[in-house]
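Shared chain: subunit A. Partners: subunit B in the first complex, subunit C in the second.
Up next is the complex of A and B:
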């Protein structure tokens, strides 16, 4: 028992220091490409940290989004930035060295004291605090699902999730309205092509599994949606584009389906129970499954569309 | 010191590291990375402090908040990257104009 405890401490220590070191290198190294790759590694270590903190739901989301999708977004943005800045190197103008040094020292000192203050505030918190876990456990039976995190996301705090779907949609609308950017077109090699063909069905299957299992075990709409989004990114990287006949109305319907279903169910519950998104316990399980299934598709399509950055079928001009 | 407090302190470190970079680095891609690191720090503090339950399962409410937060962060990152590219296309550099410049 003693040896196991020591081993876990070593693991935690290495993980914590590794996180800080990777973040520092990603933020300080001079090559931007290296910085992005280090940031992806940072995301993977974060997923391990979530596992150590007994948060497997977050670990799944972080592995798919934090390391996968954010990394793909950053790498593609970097490639397009280099295409815009034709010479390829990013010129940092010479500033007054003394002034820069002074502001660095100033910011460093202030933030070091902020870190010490925050650290002191955290260590002076009570070592035991149950938070809301007792309330969640007591009401879990009425929520329609067995996984407490899914119960919070889609029943107790479903309002947050409704707004989050709106945020995703809003981000995509904003990205689409900033058109006229070059898209980095690279011909897919045979390896990427085969990989995309092999992995896409597997990823869709994994997404469906995560969606179904999320009712009682780690998983759920966000994890499934991000896996679906990753499948979309892979297809887009391999050169696949949506058929023009599907790119207009069907695509837009898929994008708004999540928020739309949420609003419809919210209005129905408002009419039947008098409270927004208060599910009757008997129907809660079914309602949550419908919401999650539609939200998964919307999240997946939105994330893949965010990666493409321009509306499909839109004239890509340099 | 328990595991919860250790990870919470790592979260504080990440937040301050990100904020420092956000202030001192000029390149916008670096600022976007710094913003993501700050977010990860906040998430780590939230989830670490949710683990302060004796032997029971951790508090699921912060967990749900962080999952929501991760998805919002990736959509905000996508928007920020597009804005950066747009700026680079208009001005030729991926930096904000400082004082004294046009």
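Up next is the complex of A and C:
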């Protein structure tokens, strides 16, 4: 067992050093494409680190959203940036060297003081702290689900999740308000087409599984939604576009459904129990399932729409 | 250790050897096409051996099914993505390596 412990210690050490090195390379790399690829590798290693910290819920979210979808978004942003530069419509001003130096020193100082503060906070923590896990376990029966992470996210602190849904929607609104983004079209070809056709049903099934299993095991609305979003990104890459009849009201309804249902349920609980998002234990399981199901669809559609950037049916100006 | 343990260990180690060879190829091969060739060997055969090794020790048939599904998905994604990378490289005008 001694050797196994040492091996795990080495593995964790390598993981930590690898994360630091990848983060530094991603920041310092002058080639943006390389930087994005390094960022994706960083996200995957980060997911492994979460697994080693026994936080599979966060590992799933990090791998799907942090590495996968953010990577896809960054790559598509890069393609658009190159299209803009090739068109010569936007000239990125060359910053003065002194200004760059100053901002680097400033950012470095702020980050260093934050790191010192964090380090101090961590060393002053008691080595063994119970945290709130005992309270969560004690109240798990009343939450309507068996997975403590889902219980916290969708019941005890559902307010946070409501705000997260709103943040996602706001991000999409901000992207949609950027007018005249060029779209980087690429010929899909038969292989990508077949891959998208084969994988889309599998991804929908995986999303439904993650949503359902989230009640008792790692999984839930954000993980399921990001898998759904990945299916959307794959379809968009293969050249699929939403039918014009669905692109207006139905799409917008799907986008706001998650936040909307959250607000409606919040109002209902406010009226019936007197407190915002305080679910009665008897109905909590059902309410959480409804919330998560609708949120999954909204998250998936929002992430895919973020990848497409311009609202569907929008006439490109470039 | 029983016979199945030895078999599982043998399969896992052979899988690791394929991954090592694939990584070496990725680092040492001269151009993008030969590197893709090395990489897909690690993904397809290496992961296959690891999956079979883990499946021998799996606790339930459902776990075996999940492992096989992972392998199939990686095969599908790996083959398609390496085709797309190679096609992208060819379109970009990267020549095939010749000695």
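As a convention for this text, the second predicted complex is superposed on the first by the 283 of 318 C-alpha atoms of A that agree within 3 Å, B and C clash if a C-alpha of one lies under 4 Å from a C-alpha of the other, contacts with A are read in each partner's own complex, and residues count from 1 in each chain.
What we mean here is this: a residue touches a chain if its C-beta (ideal position, glycine included) is under 8 Å from a C-beta of that chain, and two chains touch if they have at least 3 such contacts.
Computed from a predicted structure; not experimentally measured.
In the superposition on chain A, A:192 makes contact with subunit C only, while subunit B stays out of contact range.
In the overlay built on the shared chain, the residue A:36 is in contact with subunit B alone; subunit C does not reach it.
Using the contact criterion defined above for the overlaid structures, shared-chain residue A:132 touches subunit B, although it does not reach subunit C.
Once the two complexes are overlaid on the shared chain, A:65 sits against subunit B while remaining clear of subunit C.
In the superposed model, B is the one of subunit B and subunit C that contacts more residues of subunit A. Legend: residue contacts after superposition of the two complexes on their common chain; A:202 is shown touching subunit C, with no touch to subunit B.
In the superposed model, A:249 lies in contact with neither subunit B nor subunit C. Across the interface of their complex, subunit C is touched by residues 189, 191-192, 194-195, 198-199, 202 of subunit A.
In the complex of the two chains, the subunit A residues touching subunit B come out as 8, 12-13, 16, 19-20, 23-24, 26-28, 32, 35-36, 39, 42, 46, 49-50, 52-55, 57-58, 61-62, 65-66, 69-70, 73-74, 77-78, 80-81, 84-85, 90-92, 100, 103-104, 107-108, 111-112, 114-115, 118-119, 122-123, 125-133, 136-137, 148-149, 151-153, 156-157, 160-161, 164, 167-168, 171-172, 174-175, 178, 180-182, 220, 222, 226, 299, 302-303, 306-307, 309. Note for the complex: subunit C touches subunit A at residues 73, 76-77, 80, 83-84, 87.
By the touch criterion given at the top, residues 1-10, 12-21, 23-27, 29-30, 32-34, 36-37, 40, 43-45, 47-54, 56-68, 70-79, 81-86, 88-89, 92-94 of subunit B touch subunit A in their complex.
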